[in-house]
Structures are given as C-alpha cells and as structure tokens.
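Have a look at the structure that comes next, please.
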Amino acid sequence: MNLKVLKIKTWIRDNLDQIVLSLLVVPALVLIFTFQLIPSAWTIWFSLTDIALVGKKALNWSFVGLKNYLDMITDIDFWRSMNVTIQYCAVSLVLRFTVGILAALFMTLSKVKGKILIAAIFLLPSAIPGIMHPYVWISMLEPKYGTLNTILKFFGLPPQSWTYGAVVESLIMINTWAGYTFTMILMASAFKSIPREYYEVAEIYGASRWQKFRKVTLPLIKFPLILCLILIFKEDIDDFTYAYMFTGESPRPDFKTELLSLYAYHKAFHYYELGFGCAVGFVIAIIVFVLTLLQLRVARV
Amino acid sequence: MAMSGILKKIGEPSYTLLEYVVLITLMMYVLTPLLWLLETSVNTDPVPYLSIPKGITIDHFIAVLTNRPITGGYAAHPVYMTRWIVNSLIISGTTMIIVIILAVLASYSLSRLRFRGKNLLMTLILLSGFMPRMAMILPLFQLCRTLGLVDNLIGVAIVVASGTLPTQIWILKGFFDQLPRDLEEQAWICGCDRVSAVFRIILPNVGPGLAVVAFMSFLSGWGAFTIPLILIRREYLFPISLGIASVFIHNPGEIGLVVDYGPTCALAVLYAIPSIALYILLRERLMEIRLARLEVR
Amino acid sequence: MASTTKIIAAAIVVVIIAAAGYYWYYTTSQPRTTEITLMTKAGLWADFIRNSGVLEDYKERMLKEKNVKVEVTIITAPHRGYGEKLITSFAAGSEGDVCWVSPTDVFRLAETEYLLDLTPYVSKWADWEKFYPAARNAYTIGGKVYAVPNDAATMVLYYRKDLFKKAGLPVPWQPETWDEVIEVALKLKEKFPDLPMIIEAWYEEQLPVYSDGGVIYDPSDGKFIAKSPQLLYLFKLYYDIIYKYGLMPKEFKLEGWDDRKLFAEGKLPLMIDGTWCYTEKWGPNGPYPIENREEVIGYAHPPSSGRPNNPHGKYPNTFRDYAWVISARTKEPELAFELIKELTRADIMAKWGYETSHLIVRTDAMIGDYAKDKFLEWNTEALKYAVPKPTTTLFNKYMDALKEVLRNELLINGRTPEECLEIFAEKVTEKLGEENVKEIPIP
C-alpha cells in the first residue's frame, strides 16, 4: 500500500507541471460547455419533438423523431428561403470580400498618402456598434428625403424605394458596409506580414506592379484569403438582424427577405412551431459546422 | 525585359490615378451614412435625414451625459440615457475581465501542453459556436433562469464571454505559439520557477495579444444586443443597444417617432467613441493577429 | 466559582431568550415584504403606469389593508414584437405576475395552462359587473374568466373634412354601404386628380368579410373558412378599389407608403385605421400631429356591404384590445389581483383612454376628459358591431396566407377575384391542413 501511494505521490510531483497546466483550461471549458453546448444540445432535442410555444401542443408535446426534418424538405417555403439565402450570401460574400481587400490594399500596399487617416476612416463602420447600423442607414434609404434618393435625384435618376421594393439591395448594401472591416483587418495583416525583401527582389528583376502583385503577394496570402471567405460566409448565414429590421414579425408576402435564419425565427416565434424552428436552426448549424471543418482543413496547410 | 520596362513606365501613373478614384469612392461609401449621425447630434433642429444644420449645439450631448429626462413622441415619456451607458460599461468591463482571465489560462496551457487529443480539443472549442443564437433562445433562457442569471448584468457578461471565448482562445494561442517553448526553460535556468517565469517573461511578450483580446472582448460586450434582449427585462438595466432599440422606430417605415433625434444620435456617437478609440489605438496590434494553426503531428 | 459560572450562564440564557423574543415580536409585527412583477410594453405603456400614481396608491393600500409591503417591478419589452416576447417569456417561465396581453394571446396562453383562473376573484369583486358584458365574455373560456379587459379599439373610417368640404360633399358623413364609399371616393378623385391615393382600406385585411356578413373562422367546429361568398366579396372589393376604379395605386403596398403620414398631410382623404390613431398618431404628441384635429378629422363607422340581414349589424367592425392576466405560476395571486383592481380603476382607465384614444370597457368610466372627448364617445358605439377574432394558433397562418395572396396574386399578378379566391383556398388548405378548413359554397 505504501509503495503505491508513494508511486502516485512521485508521479504527481513529477508531473505537477502538466497537471496544473491542464487544470488551467478547465474554467474556460466549463463556461463554453455550459452556455454554448448545453443549449445547443437542448435545441437539437427540441428539433426532434413537435413542441410548440403555446397552445395544446405546448402541453402535450412528444418525440417525433425526424418528422420536422421531413416536413422541412417538403415545405416549399423552406426551399424558397434557401434560395433567397444562397443568393444573398453569394452576393454579400463577393462584395464584402472585394471591398475589404481593396480597403486592406489601401491601408498597406498602395502608394497613396495619409495611411493613418485612411485606416481610421475605413475602420469606422465596425466601430459603430451593430444596433446603430440600420438606423444610420435609414437616413440614407428613406424614400423622400434619404441621402441616396437625394443623390439620385441630383443626377436626374429615378428615386428607388429602398426600404420596400429594393429591400434586398439595401440589405446587401448595409451588410457590406458593416462587414467588410473583418476582411480588411485579416488581409491587411496578411499583406503586412510579407517581407519587404521579396518586393525589392522583384523590383530588381523589373517586375511591374501588377506582376509583383500576382507573383509575390497572391501566393503568400492564400491561407488568410480562403479563411476570410469561409468566415464571411459563416457570419452571413447566421445573422438576420438587418433582415429582421426590415421585415418584422411575420414574413413578407413576397418572401424576398426571408433568410434561412429569419425563416427559423418566424417559424418558432410567429407560428409558434418551436420544434420546426429548432430543426431549421440545426440545419443552419450543420452548414456552419461543415464550413468550420473546411476552415480547419485549410488551417492545416 | 525591355517590354516590361516600357510597360512599367506607361502603366504606372495611371494606376495611381485609378487608385485615388477608387479610394475616394470607397471612402464616400463608408462615410456618407455616418454623416447623418454626426450632423444630427449637433443640429439644433434634428430630423431623421441628412440636412444642413440650422445651428450647431452640444446641448444634446449634455442632455445625454447629465441624465436629463428626454421627452418627445407620444404621451411624452422621459428616457434616461446615462443609466444605459453605465450598464453597457458594466457589461463590457465584466466581459473583458472574464475573457482575459479565462483565455490567458486556457491559451497558455493549450499552447504549452502536449497531448494527443490537443487538435481535437482545439477543433471542438472552435466548433462550439455552431448553433445560431436565435435557435438557442429558449434553452439558453431556461438555463440562465435556473442559474439565476436573468435580469442580471453579470449574467449577460458571462453569457457574452462564453460566446466570444473560443475565438479569443484561438487568437491568444496564436500569440503564445510565437514564443519559443524554451523561453520558460531559459528563465528556469536563470533561477525563476514556472510561476514567476510566466509573469515576468511570458506575459509581457504577449502584451499585444492581450491588448487585442481585451479590446475584442470589450467590444463584444459593448455591442451585445441579442443576449441582453433575451436576458434583460427591466428597463433600468438596459444597455445602450437595447435602449436605442426601445426608443427608435416603432413600425417599419414609421420614421420620426418617439424621442428627439438629437439626443439619440448624440448617444449613438458616444456609443461609437470607445470602439473607434480602441480601434485606432490598437490598429497596429490588430495587424499582428496570426490565427493559430493546428499543429501538424 | 461554580455558582458565578451558573449565574453568568443563566444571564446569558435570559439574554438569548429576550433577544429571541424581541426578534420574533419585531418580525411578526412588521409588514411582510414581497415583490410583484408587472409585464407590459416599453415606452408609452410602462410610463403611463409609472406616471399615473397607480403603483403608489396600490402600495399604500396593501400596507393598510393587508399589512404587506409590496415592491412592484415593471418588466418591459419593446412594442415591436411584444406578443412574441410575451409568449416566449411564458414558455421560458420568466413572465411577470401580472401581464398585459392581447386577446388572441390570452386564449393561447389559457390553452397552455399558463394563466390563473380568475373566476373566484372576479366573483367577489363588485366592480366586475361594471365592465361591459361583451368585454367580460370575451375573456371567458369554458365558464372561466382568464383576464380583466383594459381597453379596446375598433376600426374607424377616417375622412378629411377639409377635402370633403372643398369637394362639396356633406359633412358629417356616415356611409351605409361600401358602394356609397366608392361613389364618394370617385367624386373626390374627380375633384382632386393630383392626389396620390384616395382610399386606404387595406389595414385590417379581413374587414370586408365581416362587412358582407361572413366570418373567417367557425368556432362551432373549429375550422377556418377557405372559400365563401364573403371571401369572394373581399377579393372583389379590393380588386374594384385598385383596378376598376383606380382609387388605390399598387405602389402604396409595393413601396410601403406611410398612409398615416399621407392622411396627416392631406394627401389621403379616406382611410380605415384604428381608434388609437386619432391621438397616438395625429394628436399633438404623435409623429404626425394635425392642427385642429376636431375640424379636420372626420370619422365614420366602416359600412356593411349592402347585403340584407347582415348578422353582424349595421356597421360590422373588428376590434383590438388588451387585457391584464395573472400568471398561473405566481406566488402571490391575491396581491396580483389587487394590483389589477388598481390598474383598472375607473379614473385610471379614463385617463388612459383620453391620453391615447382607446375605448374604455367600463360603464362607469365616462369621467373627466375622457367623457368630454367627442370622438371617443362616438366610437364607443362601434363596440356593438365588433366581431371578435379567432383565437387559435392557426390564425397567424391564415392571415399570412391571405396577405400573401392579396399581395402576390391580386397586386402583382393582377388576377381576377375568382382566381384569387381559388388560389387562396388552395393555399390555406395546404398551410393549415385539410382537417382545419372548410368551404362554404358560392351560389
């Protein structure tokens, strides 16, 4: 007995380092587990039932297995929503990335003057907290006096109905405006990390700016670039704050703004079909999951 | 070679002009919406669209900061904006503290430990945020209710911290990874034990990383909207985001309602200042983020 | 030595007993403290409660009558999406003890057994008899009372008296049928060809069904109506207003014009909207205040379709209202009910009705400014003709299907009323399930 205790004590003393280190991770893991994983598991459980928010079904709900998922696949609204979401995410991805990378270029590689001021200005949209974005943009989009329509009228072009008719365009404009800074910061840091010497060598060989960009810059930023694309897409799928601001509690009859996440929200809280809403939520989660795995695969390179 | 030399001479100037044009366009795209915010906060006669101010005043800012009741809209109800600012500061500050402590502990040990499941653990940490917030409202709420975190600013901070923690751990681990493993061993040789090695040598070297994490977690708390929306029910506990949402537009399209635009925009400007200030101060540090790579084993 | 110890021990025991005795006396003679939470909409609603002094009166009364010190905390949710937030709170168990609820939600919540049965409390309350029978019955399910009504609002056919006078039309005006309304509208169109829109009749989409004497839901068998002559009338009426007579341009809905603003600016002469608009939107504190409201805003009941023997009466109407409920999970049912009694005091309700133009559902609330308000006095009559809305959870789906068909088929695709009705019947059957709908044949 004594020998065993002695062995254990020695082992603890030798590996005290490792043990203490491992314990340090525990608090963070506990927090993440409690507030992210437990509710997620709960939601997945809900998605397998026909629970409703109110009404008879809220009292007598039962396990229905994959029925919600089957209903979802046969629901035409789900596919319409998927359609809207994919289009929105695709366009948003292209724009957010392009504006972001241009901004990053201006902040680092380009030859324009006043980089600090430029950086400060480009960082502004993400410095303004998210809740203010729609309100700030309403001043632009208001049909009668909004800035956008005033500019259009100034150039003799017809004013548009940004808050209603051209709503998807408005959403994309707002989302790009609010979301390009993410790309910008990542790509700027990537640009900065390319050692100057590479460019100087290229200069010696008489490369033009375009060639420098193609042969030196691009290959070295492949990793952050792909990472950016994945992260942007993940964010766009999840977030529906702007769509909600323009749509409200019930889906628009023409379904134009019905992003998948908004559709899940409406199903759960407007039609009270909590189980179904959670199922749609889980589908979104799976997409995010797959994208994250992809992101990690890239990180291995 | 000669060809590219000529191209260089011809092509170069026009690039710069093109650059400036694109730059100006982009900057206008970025700045124009914000002009309204600035303009209204100092306008004597605020309106919900961009206009030439008839007069300049800082009265709106004073109204917000001195907790003057602001009225307007129907059945004149006063609104106290200073309280919201205080609440937001509490939430953000607490989030920042929680995240820094937990992230430093976790990233340091994840960076230094070696064990077989490490990649798996890092992956799981990143994947923990896969469920969209909105789908989790009800379970999250029930959970917080049983833990007594509802209607509680600290509760909001804890939940926000748990949401941003995975990304912060990844970022901070990236910084820790850049320090050579042997740094502690060298300190050890010089006579420090593990603990003081950490404090004297490691931490100062990841200073930039800490700054970034502190700043990003503070911003998560400062801009948090959906979590407080779910967890806070009493008006005097509203952070700024909920406060603004509760007084602004009531129905889509019904612009020009409830509260004076002047103080509301002044509040929004104040709301944006910490973020802008932190961003500018730390922009150099932001560039140094290297997202941690998984170790190839 | 021992005896000294004994004396000290005895002294200590005496002190302890005395302290215990004093403590017991102190805590039982002091009022017990407790907390009640009240959930309502943020802004206008919560502030009214705070400013009206109800809470202070309540606390005083509780201290005097029941020797309890009650702390009332107001929980709020923004006006936008309040219904959803309310129901989510009940589902998650974080609702207030007393809550402000709309009637459709009352039924859903009662079905889910979230609400306290108030029958034993109201039967002992003398004032309960003073509430209008219709209002009292509205919240009685299966003989049990689940809510105490607070206010009501009906639809009003607003018209601009100034434009009427300019066009030589008689003022005051009360049309008996929709045909009369269209006649007047056409005259206005002739007289004022520049107006962007003549009539806005789209606010409460189901109204024409009631105007024609129909319903959208049959409570006797719990089925929604997918097809009926009255539904055909609805589509026909909207079709005529938009296409046949050109009284309402498509752009109004497609671009989301602000009709209340247009009315306030004098660019929209006829509009169907709620009672509350009179003060909430066009009053001096509203977003679009109208000068000299009494001279400019005319009001009439929405007419019937002209079908003889309309079961709903001369001027079928719908109404919206709110009521107070008590959560079934409350720990202080008695105190919660006392709070409701305080909130629905005649003078408080009269004040509320006057300040925000809502109708008050107590017969003895015609006091103060409320009584002097001609508009509210006139509007009270509309309560007689109001048809209650369906109270099942499928109502949302039904209305969304109706809105979708109206918008996509009628407005955008320009289909005939008969086609719209067919598509609507299909859609509603699909969305609600065959077992929940029925069709009434069209002769």
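Here the chain labels run A, B and C in written order, and each chain numbers its own residues starting at 1.
We take it that contacts are C-beta pairs under 8 Å (C-beta built on N, C-alpha and C of every residue); 3 or more make two chains touch, one makes a residue touch a chain.
This one's a predicted model, so the numbers in the text were calculated from it and none came from an experiment.
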Graph class of chain-chain contacts, one of line, ring, star, complete, other: complete
Chain of greatest Cα-centre distance to chain B: C
Of A-C and A-B, pair with higher C-beta contact tally: A-B
Chain A-chain C separation of Cα centroids, rounded to whole Å: 38
Distance from the mean Cα position of chain B to that of chain A, given in whole angstrom: 15
Touching two or more other chains - residue numbers and ranges from chain C: 80, 88, 91, 256
Residues of chain A whose C-beta touches two or more other chains: 163-164, 248, 274
For chain B, residues contacting two or more additional chains: 138, 142, 245, 251-253, 255
Touch list for chain C against partner chain B, complex: 39, 42-44, 46-48, 51, 73-80, 88-89, 91-94, 256, 258, 260, 279-281, 283, 285-288, 355-356
Interfacial residue positions of chain B with respect to chain A in the complex: 1, 4-5, 7-8, 11-12, 15-16, 19-20, 22-23, 26-27, 29-37, 47-51, 98, 101-103, 105-106, 108-110, 112-113, 123, 125-136, 138-140, 142-143, 158-159, 161-163, 165-166, 169, 194, 219, 222-223, 225-226, 240-241, 244-245, 248-249, 251-253, 255, 268, 271-272, 275-276, 279-280, 283, 286-294, 296
Chain A residues within the chain B interface of the complex: 17-18, 21-22, 24-25, 27-29, 31-40, 42-43, 46, 99, 102-103, 106, 110-112, 118-132, 135-140, 142, 144-147, 150, 163-164, 177, 185-186, 188-189, 192-193, 206-211, 227, 237-238, 240-241, 245-248, 261, 264-265, 268, 274, 277-278, 280-282, 284-286, 288-289, 292-293, 295-296, 299-300
Residues of chain B defined as touching chain C within the complex: 73-78, 137-138, 141-142, 145, 150-151, 233-235, 245-247, 250-258
Complex interface listing, chain C residues touching chain A: 80-81, 83-84, 87-88, 90-91, 105, 108-109, 111-114, 251, 254-256, 392-393, 396-397, 399-400, 403-404, 406-408, 412
